[in-house]
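The following pair of complexes shares a single chain, subunit A, combined with subunit B in the former and subunit C in the latter.
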Partner chain A sequence: MLEQLKDTIKKALPELDFVIGWGMGFDALHATPLFMYEPEDVDKLVWGPLNVHNLATYLPALKGRKVGIVVKGCDSRSVAELLQENLINREDVVIFGAPCRGTVSLTKIRKVIGNTGLIEDVNYADGTLTVKAEGASHEMALKDIRADKCGYCRFPNAVLSDHFVGEKRAPQVEEDTFEDLAEFESQPFEERRDFWMKEMDRCIRCYACRNACPLCVCRDHCVAQSRDPHWLSQQDGVRDKFMFQIIHATHLAGRCTTCGECERACPVDIPVLLFKRKFTKAIKDTFDYDAGLDPEATPPLLAFKANEDNIKEKEW
Partner chain B sequence: MAKYLKKDDLGSWLKELGETYKVIAPVEEGDAVVFRRLTDERTLRIDRQATQGPKGVLFPACEELVSFKYVKDPENPEKTKVEVKETVEAEPTLIFGARPCDARGFDVFDGAFTKCAVKDNYYMARREQAIVVSLACTKTETTCFCNWVGGSPDGTGGSDVLLTPVTGGYLVEAVTDKGEALMGGKLLSDADDARQAEAKKLLQEAKDSLREAPDFDCMPEQLYALFDNMDFWEKQSAKCISCGACTYLCPTCHCFNITDEQQGKEGSRIRSWDNCMSHMFTNEASGHNPRPTKAYRLKNRVGHKFCYFPDMHDGHIACVGCGRCIKSCPVALDIREVVTAAKECRLPEEETSDD
Partner chain C sequence: MKIGVFVCHCGSNIEGTVDTKTVAEASLDFPEVTFATDTMYACSEPGQDGIIEAIEEHKLDGVVVASCTPRMHEPTFRKTLERAGLNPYMFEMANIREHVSWIGKDREANTNKAADLVRIAVEKLRRNQPLTPKEFDINRRVLVIGGGVAGIQAALDCAEAGLEVVMVERESTIGGKMAKLDKTFPTVDCSSCILGPRMVEIAQHPNITLYAYSEVESVSGYVGNFEVQVKKKATYVDWAKCTGCGECVEKCPSRKAPDPFNELLAPGRAINIPFPQAIPKKAYIQAEHCIKLTKDKCGNCAKVCPSDAINFEAKDEIITEEVGGIIAATGYDLFDWTVYEEYGGGRYPDVVTSLQYERMLSASGPTGGHVKRPSDGKEPKKVVFIQCVGSRDKSVGRPYCSGFCCMYTAKQAILTKDHIPDSESYVFYMDIRAPGKLYDEFTRRAMEEYGAQYIRGRVGMVYPDGEGQLVVRGADTLMGTQVEVKADLVVLAVGAEAAKNSPQLAEKLRISYDAYGFFMEGHPKLKPVETNTAGVYLAGACQGAKDIPASVGQGSAAAAKVIGLFSKEKLKSDPQTALVDIKRCIGCGKCAETCPFGAINMTEFRGQPKAEVLETVCQGCGLCAATCPQGAVQLKHFTDNQILAEVEALCRF
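Then we have the complex of A and B:
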């Protein structure tokens, strides 16, 4: 399948400035975005559970250029969302899709093997990832170390693509039941508050969560750093850091596809996707809407309906 | 004379030191390892490199420089004066479990904050009261490259005491006079030759496990020559997402911003970390941005570490090779690759001179 994907990209490359995919990074466990300019660059392309990044995040800054992008199912939803908001032009972007079996969570792998800094070799076959580190070999079933989002994935195949390579996979689940969120919310308020006080305390305000997010589109004009107006304090208390997360999540309500980049990018492992899960469920419950499935749709909070189906404001 | 500390006595030793110093050490927090004040509730984690080094202990992410208050002159209510209070705060602090690379970061801070024409009182007060007890590395990670930039798994720059893990405990060696003061503890015994030999062997193995170091002597010149080659920087920065993870986790990055946070008549002038990956970095009041795209900004990060800082500080590279900017980068951008590419980049001048 990978070879077929490479051939497809090579055929399309002459018409494009470049194609963005994944290559191997600094060791066998860490992939890195790969910008393919020449056919020989395409030979470095990899596909599999290590392709953790959502490359759609690069697209808005490339608006106006002819580029190709390789997508997993979840990434393609971000592309659809960007199209909805006119942040990219459909005719400028060539989408290469392939079926995805899920991607790893490097944090979960670290919990199993102790340190992901000592990698010697990695192999993946038939749902099992084998990591060799410090002379020891660790076999892990993908379902045990995959990103949480892959556990409730309904779209393993690109929702839109120009070229789809390989056989489409069945979704993990038919419906997202938000069990992770229910579990967290079953805790008393004090415990949840203490949890966030502790987790947010180590936030270093690098804004990797924001910059990895394909739909954080204010880019260089973010409220967090704007000095005039001076929306957010530069004090680094938990209150100010938490405030930013709430702004981020609110701004993404109805647009977020829960691709999980915010949480994956966080260098200090703060589980910030949980905020977006909360809002995604609220949007689903209130508007019966899933973000990033239809490029022609309008996110509910960007639209107006005189009589909402699930908001009974006239029947108090 | 090198000392020996039993592994089981480490906790007691740190507790004993806690009577004199505020002890800051790498502890587990959520899924990360960060430097925090060591307490009974916290779990010390020194089996792997901390997610974030101890730089914030001497250069906090946010600190108050002065507090201020506008008050009316009781004699003449038309006049308002500002009462300003400088807030230099420091207490005896012991940083435990820094790696040699982390400690070398303090050398870079010293260069910037204590050796230039303008001295930074806030930093200097903390630095003077701090004692750094580092832990040598007997294992190296795939992202480690301290040997490329003048460091070593047992480097002592910036440290006062160096511990080396050996069977059953640690070899403890004083590096500075400040560190010598810690050698008298009851829990420390004289280290025998076998332990010293073991430490030496383990450290040699660690050194041998690192990739061969390229010669970076030519880097300042090479980077100046590449300064206007924006094609090069655009390609190198293509995958950068312009977040500040690399710089905020970097033991040497020390850029900061100053902001007045005022509510009503009172406020604080605070200093907080800034980073050259951000669009706002050095944005001018006129609206002109000297580093308008990520290509310019990455050029600045690499240039500052491998060119401008060495140029101003006797060739001292402002990178300690800890590798955090590589392993914690959301897109695994590898500074080793950028610097190597810059080193190997054939400059346009050379191409034309061949004609």
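Then we have the complex of A and C:
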């Protein structure tokens, strides 16, 4: 399948400035974004559970250039969302899709193998990932170390693509039941508050979560740094850090596709995707809407309706 | 900045539970406050003069008044500032009456809260910018929606004052409910004799364009410059050709169609002219009952029409009208009384509504003015009237009084005696409400001269006795007994409710409506015909049930408001609008999508797409500001920073 994908990209390459995909990074466990300009570059392409990045994040800045992009199912939803918001032009992007079997969580792997030195080799087959490092070999079941989002994945195949290679896979689940969220919310308020105060206290305000988010598009005008409006102070304290996450999640309500880049990028492993899960569920319950499925749809928070179907204001 | 704070006593309204002197003293500690005092009535002439003197003496450049709701007096104080030479927007109001003194009794807590509200106002004022309104031209045409007596009065007054008037009426004729009435209280003069000539005037007045059988589809724009889409519903008759001769109605074989003008008392024809004095007197086809339009057979009307006016191909048409002001006069509809199982829930033919009874009494009605029982066509000798059906009854969600039912019931009792001298009338009532000129005398006449028997009490049940009569059983609360009256006919004084689709129309007009769908006036006492949307006015029963004299009075009042508005050279726009910072704007267009008023234009600046606010269209709702992810749109006078400063002022700990 990978070969077929490479051939397809090579065929399309002459028409494009470049194609973004994944290549091997500094070791066998870490893939890295790959910019393919020449057919030789295409040979470096990899596809598999290590392709953790959502490459759609690059697209808004490339608006106006003709580029190709390789997408997993979840990444394709970000592309759909960017198209819907006119942040990129459909005629400028060529989308290459392939069926995804799920990606790994490097955080979970690190928890198993610890902080090793150089990774010598990585193999995956039959649902097992084997990592060789410092002479030791670690075997892990893929389902134990896969990213949480893959557990409730409904779209393993690109929701939109110009070229789709390989056979479409059945979704992991038919319906997202938000069990993770329900479990978290079953705790009493004080515990949840303490949890977040503790988690957010670690935040170093690097804004990696924002920078990794494909839909954080305010560029130089992010509220995190702006003085006018001055939503967040420069004070060091958990309140402003927490406030930023709430603003981030609010700005993404109805737009976020829960690709999980924010949480993946966080260097101190704060589970910030949970905030977005909360909003995603609220949007689903209130508006019966899933972000990033249809570039032509009007997202509920970007439309004005005097009477919302599920918000019975008059009965309040 | 030098800020002055004025804390009003409002007589004892505020001073009664707030220590205004302490509030004033506390204010002196707030940033940039250089002067603070309490004052008896800030809005009175000496109160305003005191503010002006303080501005001059202390060289103030901003003022906070802590008093009542800004809805009433913000404009007053802005003018005061203007007279003192300050920009009127360098002003903030803290509402320490509705938000403090009227809702709490604890003087100390109230005083602290009042001081907090002043602190908030001060923090906001510190970030205010002087604002200047823009001027724009007025389109001196007015739209009147609804051609009942209120709308007719408003339209004629405007037209007489030289304004061009567009009238949109939902039915095929104007006249509203009054056209259906036989006689009118308290003078018992013939309704169509007094209304008819006014309807003709509408048709003939050179300044009035009438769209009957039409509805307002959408409204955009703003005071002085509205754009209105009017949907002319297909009548299937070319009104330019139709002479109203009625040949078609005679020959129409579809004889089970509803006849709404006659309140469904008798079946009508698929093609119909509501009544002889209809304006316009034109035929229209009710498509769902027309044999030609449903089954492609018949076509009789087309064959007999001497003017070749029938057109089965007709389609709804949308017409665009531009106006500067709008008067809503859409009246009321009757409550659906069939929810009352105790009155038979609509199963007994001889239980009729008051409006059906008016049609029975009317010479142009289906019985030619002879009162006949719907069941067997016999003249009733005993008529029972039941008042407050769907009025003053919480159990059916209609707690309000419809106002005119007591009076029209008395009228109908009188008319019953006139029509059938050997008849007896009984009226079940809760209270008699007759507070108009000559009204109480009128109800007395019904009792004393016309012998109507008034029984104070609710009716518990109406049921057929099996021998052609109805038994009306109720309480007589004055006698403390149960009463039973055998009736040939029962007339229900059905209450008023908002006209159908009023909320939808209100939303198009961007005006408020109450829990029952009646349109909300700007102020219950001081702005009875204004709304909270500039340029939109109310007349008649659409604002709440009212009788003809009151409806006509409001028609004239609304006309006077429009004439006053149009007498200005130019209008000033409210400068509290959204503003786009083009440095920040990335041209994503989200604001344009959410703006309910179409006030955002996407333009280009140096090749980059940018949003731009049309200041005269913007209503300052702030949706765009909340939507813009970049924070590139800010609402002038309500910037994020001002709101944040207010929050900070409140949450200091």
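Annotations for the structure displayed:
In this text, the second predicted complex is superposed on the first by the 310 of 316 C-alpha atoms of A that agree within 3 Å, B and C clash if a C-alpha of one lies under 4 Å from a C-alpha of the other, contacts with A are read in each partner's own complex, and residues count from 1 in each chain.
Heads up, the rule we're going with is that a contact is a pair of C-beta atoms (placed from the backbone, for glycine too) under 8 Å apart; a residue touches a chain by one contact, two chains touch by 3 or more.
Note that the coordinates shown come from a computational prediction; the quantities given were computed from them, not determined experimentally.
Shared-chain residue A:R219: touches subunit B and subunit C both.
When the two complexes are overlaid on their common chain A, residue A:V268 makes contact with subunit B while staying clear of subunit C.
By the touch criterion stated above, A:L118 is placed in contact with subunit B alone, subunit C being left untouched. In the superposed pair of complexes, A:A12 makes contact with neither subunit B nor subunit C. Once the two complexes are laid over each other on the shared chain, residue contacts for A:T298 go to subunit C alone; subunit B is not touched.
Look at A:V238: by the touch rule set out above, it reaches neither subunit B nor subunit C.
In the superposed model, B is the one of subunit B and subunit C that contacts more residues of subunit A. In the superposition on chain A, A:R110 makes contact with subunit B only, while subunit C stays out of contact range. When the two complexes are laid over each other on chain A, subunit A has residues 219, 230 in contact with both subunit B and subunit C. Those residues of subunit C lying in contact with subunit A across their complex are 507, 515, 584, 586, 588-590, 593-596, 623, 627, 629-632, 634, 639-641, 644. On the side of subunit A, the complex with subunit B involves touching residues 25-27, 30-33, 35, 53, 57-58, 107, 110-111, 114-119, 134, 198-199, 201-202, 204-208, 210-212, 219-220, 225, 227, 230, 233-236, 261, 264-265, 267-271. Listing the residues of subunit B that touch subunit A in their complex gives 29-32, 34, 47-49, 51-52, 61-62, 139, 141-144, 235, 238-239, 241-245, 247-249, 257, 259, 261, 268, 270, 272-273, 275, 278-280, 323, 326-328, 330-334, 336. On the side of subunit A, the complex with subunit C involves touching residues 85-87, 217-219, 221, 223, 226, 228-231, 251, 298, 301-304, 306-307, 314.
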